[in-house]
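Each of the two complexes below includes subunit A, the first together with subunit B, the second together with subunit C.
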Partner chain A sequence: MATWSHLLFQDSASPTMEQMIFFHDHTMIILTLITTLVVYMMMNTMYNSFTNRVLLEGQEIETFWTIIPALMLIFIALPSLRLLYLMDEINNPALTVKTIGHQWYWSYEYSDFSSIEFDSYMIPSSENLPSSFRLLDVDNRTILPMNTQIRMMITAGDVIHAWTVPALGMKIDAIPGRLNQSSIMINRPGLFFGQCSEICGANHSFMPIVVESVNTSSFIKWMNSMVE
Partner chain B sequence: MEMWKLKNAVMEFSFFGRNVEEIPCFKSSFMTGILSGFGIGMAHFLATSRVKRSADFGFYSFITITLVYWTYCRYKWSKDRFIYRQIQSGLQKAAVLEGTEKDPNQTIKLDEA
Partner chain C sequence: MSTSIMSNVEALSTAPFDARFPNQNQTRNCWQNFVDFYRCRKVKGDDYEPCNYFKKVYQSLCPNSWVEKWQEQIEEGKFAGKI
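On to the complex of A and B.
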């Protein structure tokens, strides 16, 4: 989860987020080099004494500075499109979880094997333990098995919300009357935190999401305990 | 961009929040770019004795070589990583199927053993 000085990505917990971090590294290197180049050129221009009162055009340099940026954009676009289509690949999810956003809590349904439904409310600060995370911990976490393809179906019951888990690279709008679908695979156990990402009223900041990734046998035991 | 910071008594350089040691191809690209740029700039200066133009040559060479090498290195790394993941997935499946009828490494039929 993010701590107080955490500005950029959290460590990835899914292959999709891992690829996004690699793409981010690639793009930031290109941007940093372009910025360095432009700053160098600006310094050169400011600190030289060349003058040309009749400078009108320069066909060669204009061709150069059109083609080179186009090539740079292609170098950025190719990995970007690759990742975009990778995220839409067809896979066979083993589990489907439905998420419904309400004012101001999330509810989850696991209907595949037996009907399990529960609500997930934020634990108020007054009831927090010293070891809890303020404004992030919930009473019922979303338990998901790791190394398993999971289909998430997200909708809302009243106004628009957004289900977000940065460590999994997911941010999906929860829109009333619409089912949005996404596929995730969590490749390590742990707790992954997120917060509602679409303004939805007074307590928009107080409806967090906690995904708890466990191994398959623990997940099956949990499902059995919820059914009983 | 955060500067140098000490972590567990080891110096760590962050590039936009990421430790540069964790970015594949970062070190090789920048080392190649910096050394090539310096070399080309120095060679140009030795040949022409023009300081500013040599510095420009050196710098633009650094930018170009770093970008080109970075793109090539990341593409190659991405292809290799795909093969590693296939091997890893195959090994995991073989470990799960070991001792069963579908064991890919079995040499003796189970009913003959």
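On to the complex of A and C.
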């Protein structure tokens, strides 16, 4: 989760997020190089003595500064497309979890093996324990098995919401009447926090998401305890 | 379903990838499997075991509230799909 003075991304908990951080870093390197070059050239223009002020054309340099930016764009576009299609991939999921956004809570349904349904409300500040995270903890966490391909089905019951977990690289709109699908693979255990990311009314800020990633046997144990 | 089924790894399966619905939008996937289940039961009879595949898929994919609504509509004879 994000903590004080946290400026960059959260640590990734899924291969998708890992790739997104790599892509971000790659793009930022190119961006920094371009910005540095432009600043240098602006400085240079300001401080030089205009020895070439009657220069009207320069075929070589024009060819050069047309091709180089085109190449740079390709070097950004290709990794971007690769990531886009990787995120779209559905890798033979082992589990389907349905998430339904409501005003103002999330409800979850696990219907593969037995029907498990629960609502996940934020714990109000007045009931917070010293150990809980204000405006971020929920009464029923979304338990998910790690190292498993999970298919998330996301929809909403009333208005548009968005199911978001930054550490997993997830942000999917929950739209009434439409079922959106995304797949996640969590590669470590832990608690991953997120918040509704589509303004959905008065308590938009107060419907957080907590994903608890556990190992498979604990997950099955939890499922059994929910069925009984 | 009983607890013993869940401890069996074989039973831990969900709806597989369906090449008809490769997109992020899975609304039609849920709908089609729901309609197919009732259509299959109508054609093959209520006891025809393979029909339950559709049921398993739509139960995995569809929000429970949608299924309840559609089942109500079927009972009242105003379901929009062709069964």
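One rule holds in what follows: the second predicted complex is superposed on the first by the 220 of 228 C-alpha atoms of A that agree within 3 Å, B and C clash if a C-alpha of one lies under 4 Å from a C-alpha of the other, contacts with A are read in each partner's own complex, and residues count from 1 in each chain.
One rule holds in what follows: a residue touches a chain if its C-beta (ideal position, glycine included) is under 8 Å from a C-beta of that chain, and two chains touch if they have at least 3 such contacts.
Please read all numbers here as calculations on a predicted model, not as lab measurements.
Enquirer: For A:P93, decide between first (touching subunit B), second (touching subunit C), both and neither.
Expert: second
Enquirer: For A:S120, using the defined touch cut-off, is the partner it touches subunit B, subunit C, both, or neither? Pick first, second, both or neither.
Expert: Neither subunit B nor subunit C is touched by A:S120.
Enquirer: Classify the contacts of A:F9 with the two partner chains as first (subunit B alone), second (subunit C alone), both, or neither.
Expert: In the superposed model, A:F9 contacts subunit B only, not subunit C.
Enquirer: Counting only touches as set out at the top, which of subunit B and subunit C does A:E109 meet: first, second, both, neither?
Expert: second
Enquirer: Once the shared chain is lined up, is A:G177 touching subunit B (first), subunit C (second), both, or neither of them?
Expert: second
Enquirer: May I ask you to name which of subunit B and subunit C touches more residues of subunit A?
Expert: More residues of subunit A are touched by C.
Enquirer: With touch defined as at the start, can you tell me which subunit C residues reach subunit A in the complex?
Expert: Residue positions touching the partner: 1, 3, 5-7, 11-17, 22-27, 29-30, 59-65.
Enquirer: Report the residues of subunit B in contact with subunit A in the complex, numbered from low to high.
Expert: Residue list for subunit B touching subunit A: 15-18, 23-24, 26, 29, 52, 56, 59-60, 63, 66-67, 70-71, 74, 78.
Enquirer: Per the contact definition, I'd like the list of subunit A residues that touch subunit B in the complex.
Expert: These residues of subunit A touch subunit B: 6-9, 21-22, 25-26, 28-30, 32-33, 36-37, 40, 44, 48, 72, 75, 79.
Enquirer: Could you pull out which subunit A residues touch subunit C in their complex?
Expert: Interface residues on the subunit A side: 88, 90, 92-96, 98, 100, 109, 111-115, 117, 151, 153, 155, 157, 172, 177-182, 220, 223-224, 227-228.
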